[in-house]
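Pasting a structure here, questions to come.
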Amino acid sequence: MAKPTIHHHEYDVVIVGAGGAGMRAAIETGPHTKTAVISKLFPTRSHTGAAQGGMAAALANVEEDSWEWHTFDTVKGGDYLVDQDAAEILAKESVQAVIDLENMGLPFNRTPDGKIDQRRFGGHTRDHGKAPVRRSCYAADRTGHMILQTLYQNCVKLGIEFYNEFYVLDLVMNDGKPAAVVAYELATGDLHVFAGKSIIFATGGFGKIFKTTSNAHTLTGDGVGIIWRKGLPLEDMEFYQFHPTGLAGLGILLSEAARGEGAILRNSTGERFMERYAPTIKDLAPRDMVARAMANEVREGRGAGPNKDYVLLDLTHLPPEVIDAKLPDITEFARTYLGVEPYTEPVPVFPTAHYAMGGIPTNIKAEVLSNNKTVVPGLYAAGECACVSVHGANRLGTNSLLDINVFGKRAGIYAVEYAKKAKHVPVPKDAVDETVALLEHMRNAKGTEKVAVLRKELQDTMDLNAQVYRTEESLDEALAKIAELRKRYEHVQVQDKGMRFNTDLLEAVELGFLLDLAEVLVATAKERRESRGGHFREDYPTRNDEKFMVHSMAYKNGSKIKIDWKPVTITNYQPMERKY
Amino acid sequence: MSDVKVIDEIPTYQVTLFVRRFNQEDGLEARWEDFDVTVHGTDRVLDALHKIKWEQDGSLTFRRSCAHGVCGSDAMRINGRNRLACKTLIKDLDMTKPIYVEPIKGLTVEKDLVVDMNPFYEAYRAVKPFLIASDKPEKERIQSPEDRERFEDTTKCILCAACTSSCPVFWTDGQYFGPAAIVNAHRFIFDSRDEGAEVRLDILNDKEGVWRCRTTFNCTEACPRGIEVTKAIAEVKQAILRGKP
Amino acid sequence: MPTKPAGTLYRGKTGMWSWVLHRITGVAIFFFLLVHTLDTALVRMSPADYDKVIATYKGAIIGFAELGLVAAILFHALNGIRVTLIDFWSKGTKYQRVMFWVVIALAVILFAGFAPRHIMNVIHDIELGY
Amino acid sequence: MVVIETPRSPRSRKAAKFERWGWLYMRISGMFLLVLIFGHLIINLVMNGGITQISFAFVAGKWADPFWKIWDGLMLWLALIHGTNGMRTIVNDYTERETLRKVLNYTLWVVCVSLIVLGTLVITTFDPCVDSSVSHTLSVCK
């Protein structure tokens, strides 16, 4: 096979990923420094566009609200594993983040007097948990779509340079500093080296390690995986959020906005079971609680359907006009994919793998950390791939769209600041060697293992062993399975030997990242012998603040995983029991 | 609560897909290839394509991401009509006949179902698809719900190109801006906060602009987001005639 | 095996087919109009020749072709109204399909009114020995 | 050789702002033509003997009245321009090479203008009595 052609580019700021976080950063860097945005998808295909419900900000447009309450909710929602300085920033800068978007043209829904309308969302309350508050700014149930479009529109306006359908496969480090990224051009099979003074990772999540997920096929955690392979740590990887209301069997998300607008979860007997689990805010309790409650109903035999394996989301009492105006897309999903008419029939739902709370550790300037304190100069991460940590053990709905905007913007600002005073780190001669080796190995392998089979086995074991409920045994089982899959992955087979648009090859590469991240997730989950937020251990069903009020930090140590801990930043809110 | 709908045991079916293949690298002409796949009742055409790629022929190439109709990656021609593969349930097609899947028309085929989208994006960018406003408000700009509603329909566009590549005028010489670009211009022309309507109307009052639309409605019928595309185009035509939105 | 060599025909609906028809009928009428202007010009040059030409119009073949022409004009004109309504009436796009069937229905009715009369006339002329 | 369905040529944008007038004209002339052509068809092909009645004498009789001269003149102008402009659209749609496009469009307009001039001359200078072999029967010529 011919050696790929190699191209070299030099930019001040290189942004990997053109989702919400990447493009929000680009809007800050583009006007000030030479910026390239590299994305494996055309920007508006990024999964930010799938977000539905809204973006939290204490605008107080419809009722009294304050950023302090928002901070508290975020901390409490995250089961106190939130870095409170970061959460304060998130809540404080939320108002400006929403105004920025509106000013850029985002068509938010409006109140009768023309201001941005707001609605309720799980875990967001007034005055430290007294009652649900209307804090989520939204545009029907396509808030993420509008954010993604608006950000792309503004990038077009600013003339940002995009390299679309370029897969970043490696980060080139030199002497502990980032020098460049190596990208594979899908259309040609050529390799490109993008040298940058500042490099921002905004590659999104990795939901595809699970079978039932709301995440896109392309969310394979490449960015997180690359950082991991460079020997940098990953934080809080055991915390993965399962969203309560995925379409049963499919995983396609039905936004929490449905419950925000009054939809009710019921079991097979028609009981509103959330009344038992969270008497005050019921269906609007944080996601981890609702997801577990649902799984529990099913376990205890109160699931609906022929196999009693899901519960029901009831919207039938909502006026059709309200459904049409506020939840048009998700009701359409129910109709299209399950053939259920939400006006008159309850919709079968079950928890779906949704959001990675953990990821690349960063500080509040979005700088990537190489251990509990040290910053990697010039390397930034923002969005779902990063862990600031504002979401702690469980992210509140609508806080992620906020996260990508607040910390995307911050990443941009600080990347510019750094690029203005720094020089390019020399790109070593052998910069592309690893990538070439990786690709050629895959392309030429005479293996017998099919990517899709391995991936499916991985996803099955993850759904079975590392989902809403986990135990030491189930995690061990998952680890063993992953080890087996890793071996088989050595003999993976790529049928397409071509250079152009070789998605077969890339799926094989992506599977490598999935295996890495799944392993880290399970390994850290095993070490965290307590239950907190999205991580629930049946063998350790309670929260253990004495031992585990710390972030996990996983390091790659050869082929082993080393786990360390990092203290949580606490400012105002001491850990309390989480009751709703 | 009304009766619980029982979703019965999901049946499986055997279907044949005819997929239009083309790869510059193998030197062959574009051709049809057939694949037999077993599918479930809830499977979409995208699932069938995945099954082919994952189990039979890894070189089959197509774009996809979200798998539920929101990212706009997988517009293709299914049984002669433009649809999103991820929104087309196989059981809704006539399964007694083979299912024909081919790339969208009017854009150069790169490989199998992948086409060169650049001309499409270029037309989109040409209409200045971004808010043009000179004021610098401290808070949000005020906009009444009615004004907001005025352009609601066209904000839904996911740039999938199903419309533009279904348009007979676009097929002829590929110079026409195409419905998607006009939809995205409409999105801003009728936004009460925007000040750039005149510029956009001028751009679309071009030889290749709105006047080339012959109201064939293929675009409206193809749009997976249910946007009333032809209506939006008609509104832009009216606005150009009036000289203002 | 039904391996079709080329891509399939796009399966557009009434909107697309009405446009195809509109286009074809437009071209047909255009070419007829060219000829018709020339032959009518004969009334100025040579009335005798004019009458000769017109006589052929009354013959069987052209006589029946005229049926086609009238059908084309009927469709083109009525669909022209439909197109104009789509453009200028705010509900036009909503009712475009209904309007298409109204166009077809009206065209058929008008044609049904016209055709027998015309055929009778043509036959009558042929009988007269033209 | 590889066959790719309908490849597109690169976009070349020439601002031609008269398209709008062409578009408007098609609709306005269409509405006039509706009345003119249907009137014409009814008088010529439906009333009285339909097509059997048509002859030089019939035309001469009609054009004795300036009303019908104006009617037919208008129809001539509007229809030819409407048709030619429509044909121009079609030519623009289906020609890829610029020269071919120019040649065809140029031809269209030459034909259109010639026929309009010819037709207008015929109508305005029409004299029913030019050819006595036919016109001797007409009352106007007696």
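Just so it is clear, A, B, C and D label the chains in written order, and each chain counts residues from 1 on its own.
By our rule, a contact is a pair of C-beta atoms (placed from the backbone, for glycine too) under 8 Å apart; a residue touches a chain by one contact, two chains touch by 3 or more.
Every value quoted in this text rests on a predicted model; they were computed, and no experiment measured them.
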Which chain, with its centre taken as the mean C-alpha position, is closest to the global C-alpha centre? B
Chain C and chain D have mean C-alpha positions lying a whole-number Å distance apart equal to 15
How many angstrom lie between the centres of chain A and chain B, each centre taken as the mean Cα position? 26
Using mean CA coordinates as chain centres, what's the chain B-chain D distance in Å? 40
Centroid spacing, where centroids are CA-atom means, of chain A and chain D in whole angstrom: 66
Residues of chain C that contact two or more other chains, please. 7, 23, 83, 87-88
Residues of chain B touching at least two other chains: 24, 30, 105, 237
If you look at chain A, which of its residues touch at least two other chains? none
Give every touching pair of chains, nothing left out. A-B, B-C, B-D, C-D
Chain A partner, complex, touching residues on chain B are 1-9, 23-26, 42, 44, 50, 53-55, 57-59, 61-73, 87, 89, 110-112, 114, 117, 121, 125, 128-131, 133, 137, 139-145, 147-148, 151-152, 155-159, 188, 191, 193-194
As the complex stands, chain C meets chain B at residues 1-4, 7-16, 18-20, 22-23, 83, 86-88, 92-94, 96
If you look only at chain D, which of its residues touch chain C in the complex? 3, 5, 27, 30-31, 33-34, 37-38, 41, 45-46, 49-52, 54-56, 59-60, 76, 79-80, 83-84, 86-87, 90, 111, 115, 118-119, 121-122, 125-127, 130-131, 133-135
Residues of chain A touching chain B in the complex: 41-42, 44-47, 49-50, 98-99, 102-105, 107-116, 139-140, 142, 145-146, 149, 153-154, 156-157, 187, 216-218, 248-250, 252, 266, 268, 270, 304-306, 312, 314, 316, 329, 333, 336-338, 340, 344-346, 348, 450-453, 493-496, 498-504
How about chain B: which of its residues touch chain C in the complex? 18, 20, 30-32, 34, 77, 79-81, 98, 100, 102, 105, 166, 168, 214-218, 220-221, 228, 230-231, 234, 237-238
